[in-house]
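Below: the structure, in structure tokens.
Order of writing sets the labels: A, B, C, D and E. Residues in every chain begin at 1.
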Amino acid sequence: GSGTSSGPSTGANQSLAIGLVAEPASLDFTTTDGAAIPQALLTNVYEGLVKQDESGKIVPDLAKSWTISPDRKTYTFELVDNAKFTNGAAFTAADAVFSINRVKSAWTTSLKAAMDVVQDAKAVSPKQLQVTLSKPSNDWLFRMTTRIGAMFSQTGVDKLATDPVGTGPYKFGSWKRGDSIVLQRNDSYWGTKPFFNQVSLKYFKDPTALNNALLTGTINVIGTVQAPEALSQFTSNTKYQVIEGTTNGEVVLSFNNSRPVFKDVRVRQAIRSAIDHKALLDTCFAGRGKLIGSMVPPTDPWYEDLTQVAPYSKDKAKSLLAAAGATGKSLRLRLPTLPYATSCGQVVKSQLEQVGLKVQIDQLEFPAAWLTTVFKNADYDMSIIAHVEPRDLGAVFSPKYYTRYDDPTLQQALAAADAGDEATQVTEMKKAARRISEQAAADWLFLLPNLVVADKNITGLPVNAITESFDLSKLARS
Amino acid sequence: MAEPVIQVTDLVRDYPRPRTSLLRASPPVHALRGVSFEVQEGERFGIVGESGCGKSTLLRIIAALDRATSGQVVVEGTDITRLPERRLRFLRENLQLVFQDPMSSLDPRMRVRDIIAEPLVVQGHPASGERVRELLEAVGLSADAGDRYPHQFSGGQRQRISIARALAPRPRILIADEPVSALDVSVRAQVLNLISDLVDELNLTLIFVSHDLSVVKHVCSRVAVMNAGQIVETGPTADVYAAPTHPYTRRLVSAVPTLQRALSGATTTDLVKGVPST
Amino acid sequence: MVLRLVERTAVLLVSLAVSSVLVFGFMAVLPGDPARVALGVNASDEAVAQLREQFGLDRSLATQYLDWLGGLLRADFGTSYVSKVAIGPQIFDRLQVTLWLVVVGMIVALVVAVPAGTVMAARHRKISGLALSAISQLGVAVPAFLAGILLIMLFAVKLGWLPANGWTPPASDPGMFLRQLILPALSLGLVQGAVLTRYVRSAVLDVLREDYLRTARAKGLRPFPALWRHGLRNAAVPVVTVLGLQLATLLIGAVVVERVFVIPGLGSLLLDGVSNRDLLLIQDVVMLLVVAVLVVNFLVDVLYVALDPRLRVGQR
Amino acid sequence: MSGLGGSVDDEGGPVSDRGAPESALGVPASGADVSTGGGASTGVGGPTGVGGSALRRSAGRRLNPSLVVGGIIVLVIVLTALVSFVWTPYDATLVDPAVRLAKPSWSHWFGTDKFGRDLLSQIMVGSRTTLFVGLVAVGVAAVIGVPLGILAAMTRRWSSELIMRANDLLLAFPALLLAIMFGAVFGASTLTAMVAIGIATVPSFARVIRSGALQVMRAEYVLAARAAGRRPFPIALRHVLPNVTSLITVQASVSFAIAVLAEAALSFLGYGTPPPTPSWGRMLQESQEFLFSAPRLAVFPGVAIAIAVLGFNLLGDGLRDRFDPKLEDRR
Amino acid sequence: MSSLVEEHEVVEQSDVLTVRGLTVSVRDKILVEDVDLTVGPGERVGLIGESGSGKSLTALSVLRLLPEDVHARGSVRLSGIDHDLIGADERQLSRIRGRDLAMVFQEPMTALNPTMRIGDQIAEAMLIHRTVPNRRAARAAATDLLGRVQLPGVARAYPHQLSGGQRQRVVVAIALANDPALLICDEPTTALDVTVQAMVLDLILQGVAARESALLFITHDLAVVATICQRVLVMYGGRVVESGPVHEVFTNPRHRYTQGLLAASDLDSAAHRLPTIPGNVPAAGNFPTGCVFRTRCPHATDLCTTTPPWTGPSPHGYACHHPAPELVTVETKQGKFEEVADG
């Protein structure tokens, strides 16, 4: 709750257990990458100045409101006045300046680059913050909704890896490695206090174990269903509710565009046409999820249905391949050891082989081996991975990224989108999305669904999971 | 007298024993403690002694299958105790062994033919089927025995095969380590006869080891009595048997039950005469 | 006997030293830069270099090795590259969990195997023995995780008697601890028990063939008392060996069962370590495991002496 | 009646200091029956006299059921694998969404999986993987373990001690651990996993072969061969090796079973055979999501694994009984 | 044969052991056939024969300690026991074994439990049958027994610390612990050296004499039997081929096998070449029908394909169609047997 809604009354001493899949390796997202840390901590323990609501809009959080200067370079934030860190310190503009500067100085993960555009941040008053950018950037404000925008206490960053300190509705309780993270309600929270007194996030490597845990009452919620095939046992049971929404996770069949064979746009298009996306989704994700034609989820303002840019057609694929002289070419599909990638990879292989390509599947252990081989060294022809970062079109299709996609037209559109006002941003982004789709910079197999299963009486579960966090503040038991 | 075929001088063999104390090395097992004797050409030399007295150790050293700790073994004028394996060819051709256990002395995975031919093959002689057949015949087995495996034969027949193998390279010296100890009485007589006949026919020098005094007495002309790694008495078999001089020999001779003595009323008390309680 | 102990101890120490070099060497060739994995996908090269320096990964291998070994000797397992948390307490926590599982599993296995194996051997010609033998053969043939899954389906999901998975430390909630321990300990114990049964049976069959058992019968002992008084101790030697080996290998081998039952044990710590390239953690866990195996072997060796007087050299 | 029959047991000196535990340690960490003989039996140093173990052993030998059943199972697996090279009902890797999760029927005897692949075809082709898995693991273990064992038996005290110590050290690296680590270094593939399993199996091979070879070395025919002038290497080749083949076969088939189990466990953990190569272990792992909706997906590969392991174990038991008359009546 | 039975029926009551028609078989193979055997009180009876002739099986049938798939038929009765041992259950048998009936086996090295102290193993024999009041008395009795087999002070030792001869004496002590009515020794000295054998034989004889126990002594060594036994049975191919007082059987063997055996084993007086029995002892179950010896017998005729009847109402009986002639004067000068037989 951002202080605007009154919300349900606080449950006395109730606790909740949520089953999740990936356990963080550390609690410090300033130096350790990975989606698991913000999933647990962002908006729950840490808060930013702004956040994204479920429809994708940027809304106030620790900043009550903000104004943008006409040259779109200076942002002035009015901060809430009763926020307090869990170490007792009050949240002030100085903390905000500290947090923003600290991204540049102390963060080590690649995400820190988003803060490069900030020229200066200063505390005008304890409750007013002014940030000056070196150039106009729509993206910057959006990034402030992600972990980059998390506000740290000046006096609470010594033990980020084990003892995080934030202003959020929950405070960090304990972490049993290999098992669970426990969050306790922050009773001195400045906004609406959450319903549950304690929430434990339990981690299950094995999807079946996760399902069993819900079935036997060990947990109350499955945060993300990994084995959609097993959903049937919950849909048919009145004790549970199943929520299906969307995420930011585009499952991408990526091409290594620096490989000669993929330099030919016809080959790329042929592959897109060769894949029967509907059948693929049915087969490897039980038909859950959404088909998308480009790198934009429906929750982004510039979403367009581009699924018809490359409709399924074996004949077209064959003729494109023939024209490019690529029939019978052998391609290495290097998959990370993730269930959806393994599943989809086999379908992709089978479908591509039907149009006359040869596909050899390699499995690379995820994360370490896959990151080194495919991601860093780009030693691959094709791979499959879900890109779960929000608004990542620009990042993914760049020459330096593992896709090695070098397209000036695209870069132009992206730059214009970032610099322009909201309307310009939307039109330019639409252009960019269409460009990569038509150029077949990759194939988008589908958008991962947000599948949540929970006890019937749990309320406040988000339908869409488009932010980095699993927002626990609205959860309640009816 | 001519130069002896085998001359053993002051032979000592110590086997190390695993340590039992940190500070002191365990005393070694003295398997042989200064054994000396000579065997003349064509002689039938017997060695008797109880279990563990070092008979087999002695034979192994004579056959250069084990190294002496000290002392000397001269075979046909050559000192073999310090010779490397590659210079032992003459010994391998001239001296062969027959072992005690008919079960373990033949490789169960080889055909009899190959077993008998093994010494020939190793020593680079042409291993003709003719020679194998000849040998089989010499030990009283039919020619088709060559195609079969050892387990298809009885103990006595196996000892015959062993003997055939030993005779294959036409050795001049035959060493037999308790060749009949594991055989039935009725078969023992057959094998003893066979050895006797062959030694006569082929003019072999025989060293015959046994723990059974009567067998040695039957086969050998001269005998050495061993006890605890030493030879306590040597002499013509009949003399040693009839008039043992060493107390150990006396004890040994008196302890052997024989039919004749038994039928003429000897009891166990007579047997234990001279046997000290241990 | 003292000598044997000293000799065994020396062997143990040398083995430990050699294996520490092996483990370290193996880690050194493991591909995947821990610093890069920790920093994530698009970390800059400078950041990586900086982190490498921070962890001392830029020093010579020999220095790294000695440092590590020195730490181990002081019971300092170092700090994880990935989670930046001290490794020692983590390993200790996980080890406790796994030990519970493995030891209770082993007890289950023994409780199953000793009587079953003995009966099988004693009645190996009778229908009861044959039937037991067939069951144990089947038990050996079923993968442990499959057994676990079946147990969960039956007792947790279908019947709802026991929790399907999870782990509670005994101190915090003994009741829950027990309830959660039963299924994993059973699935581990039954499969190991089946394996152990074969060894017990084999050892008892060997003993049954021994002359001294016939002597015992000739004294007037009936078959089972004879086996009990004279056979079991002699049969224990080979069984103890297997038991020792199983105990040691199960510290990691239980990982499959840990996975099925979502138990935060040593095996899953290792697997996580491998997939996160938490190099130091892997190194420590593997070393710990090697130490465990060697020490258990050592203890088994010592136990022989207690079981078999023939090994007490230097007596009398 | 094999070369390692009781005859050698009858012989032999006083119990050596390490005699009992060593032969006792010669057992693999898992698997079925193991001969634990040697440890408890003391030999006699004296003349055996007219002891009659010779004839006793020729007493009748029946075909034992373990051998027959195990042999038949293994034969069926081998035949299935061979047939799968030339014929399977469907292409085992062909994805056909139209028939996904089909129930068993005349067109798909075992039904299909979530990709619409024919289960029967996958089981058939999977038998190839199973055999491959076993052959690689056992091959590696035998190729390294057998010479090591023979070497340890034939060389001097200290060098053989060294080999056996190294062997013990290897024992400290359990199969699963080695496989995971090898997978991390060389990339996960069936081959690397199985080479790792093979290496982890070396110690048990070396131990068993060593104790067998020690018995052979004690036999008088080795002495006879030396007296005939044979050098150590030919003795190892012509006498020792042939006489431990029975041990090798037994050990191989038991290890085979262990390897099959290990592959299943590794597949379960995601370190086993990578897709799309059909493997029983991975089929079982993939079937997990369907335990409730389509349990048959787990049943077929699960039963296949169990039967294969059972087959190889039984074969091993049977061979052991056959080769070792002392254990004649084991089952 | 029937005459022998009749002859012994008179004294049946007083016989310690009476075996009638004992047949031992494994599956379809007959290993021992139709053996009759009696041992009178205090009597010392020898059972000789070559390896595989069924001596051990006969002894084990009496104790009912046969290997699992080997079965005995016939009747085995012990004086003072009102049931047949064949067909008795384990409970009944375990009361007899070690108390009325004791046995010493061939292999001293393996006959003792390696993990139990010597004294305890002896004491156990008495404790099982409660022939001593308590554990302490059993210990004392064990120490005493050890003293009597001339092994003082080894009660706390383990078997591996003793030599073969010493172990065999321990086994003898165990067997004699409860003063059995019958002691069966199965080649107790075959594995021992002659000097040790002499001592062990002497101890057995003394022990038996002191307790007035009967002795059934199995061996392949004719001289040993001649030394310690009063009566002897000769076995071949699972059958008793000849029996009688030692002196008679050994000086005037009637069965051709006994005759051959005596000649072949007499190394002392034979000339350079030994008289031999042609051929080999067949494997178990491969003995010919009719006369079991006929395949190796130089005197065999067609008649021998029928089983020879038991001849001899006198204590000296045999089963042969062509027996060696009876000597009128006992000739102890060896080497003449063959001549006599030829004549």
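Definition applied: a residue touches a chain if its C-beta (ideal position, glycine included) is under 8 Å from a C-beta of that chain, and two chains touch if they have at least 3 such contacts.
Remember, it's a predicted structure, so these values are computed and weren't measured experimentally.
Enquirer: Any chance you could name the chains that touch subunit A and subunit C both?
Expert: Touching subunit A and subunit C alike, sorted by label: D.
Enquirer: Compare the CA centroid of subunit A with every other chain's and tell me the farthest one.
Expert: E
Enquirer: For the chain pairs B-E and A-D, which is connected through the larger number of C-beta pairs in contact?
Expert: Looking at contacts between chains, B-E has the larger number.
Enquirer: In terms of Cα-based centroids, which chain occupies the most central position?
Expert: D
Enquirer: Return the distance between the CA-based centres of subunit C and subunit E, expressed in whole Å.
Expert: For subunit C versus subunit E, the centre distance works out to 54 Å.
Enquirer: Need the CA-centroid distance for the pair subunit B / subunit D, whole Å please.
Expert: 43
Enquirer: If you average the CA atoms of subunit C and of subunit D, how many Å lie between those two points?
Expert: Centres of subunit C and subunit D (C-alpha means) sit 21 Å apart.
Enquirer: Between subunit A and subunit E, what is the gap in Å from one C-alpha centre to the other?
Expert: The computed centroid separation for subunit A versus subunit E comes out at 91 Å.
Enquirer: Quick one: which residues in subunit D touch 2 or more of the other chains?
Expert: If we look for residues of subunit D contacting two or more partner chains, we find 15, 17, 40-42, 45-51, 54-55, 58, 184, 288, 291, 329.
Enquirer: Return the residues of subunit E touching two or more other chains; collapse runs of consecutive numbers into ranges.
Expert: Where subunit E meets two or more other chains at a single residue, that happens at 50-51, 68-69, 107, 110, 114, 160, 164, 193, 220, 281, 283.
Enquirer: Could you say which residues in subunit A touch two or more other chains, in rising order?
Expert: 206, 208, 365, 368-369
Enquirer: For a test of understanding, state which residues of subunit A touch subunit C in their complex under the given definition.
Expert: The contact residues of subunit A facing subunit C are 23, 25-26, 28, 31-34, 108-111, 113, 161-162, 176-179, 202, 204-206, 208-209, 212-213, 215-218, 365-369, 371-372, 375-376, 401.
Enquirer: With touch defined as at the start, can you tell me which subunit A residues reach subunit D in the complex?
Expert: Going by the criterion above, the answer is residues 206-208, 227-230, 232-233, 276, 279-280, 282-284, 286, 337, 342-343, 345-347, 349-351, 361-365, 368-369.
Enquirer: Spell out the part of subunit B that touches subunit D in their complex, as residue ranges.
Expert: Spelled out, the residues of subunit B in touch with subunit D are 18, 50-52, 60, 63, 65, 85, 88-89, 92, 95-97, 99-110, 115, 118-119, 122-123, 151, 154-155, 162, 165-166, 169, 178, 181-185, 211-212.
Enquirer: Along subunit C, where are the residues that touch subunit D in the complex?
Expert: Of all residues in subunit C, those touching subunit D are 4, 11, 14-15, 18-19, 22, 26, 29-32, 124-125, 130, 133, 137-138, 140-146, 149, 153, 195, 198-199, 201-203, 205-207, 209-210, 234, 237-238, 241-242, 245-246, 248-249, 252-253, 255-256, 259, 267, 270-271, 274, 282, 286, 289-290, 293-294, 297, 300-301, 304, 308, 310-311, 313.
Enquirer: What does subunit B use to touch subunit E in their complex?
Expert: 50-51, 154-157, 184-190, 192-193, 196, 211-215, 217-218, 251-252, 254-264, 266-269, 271-272, 275, 277-278
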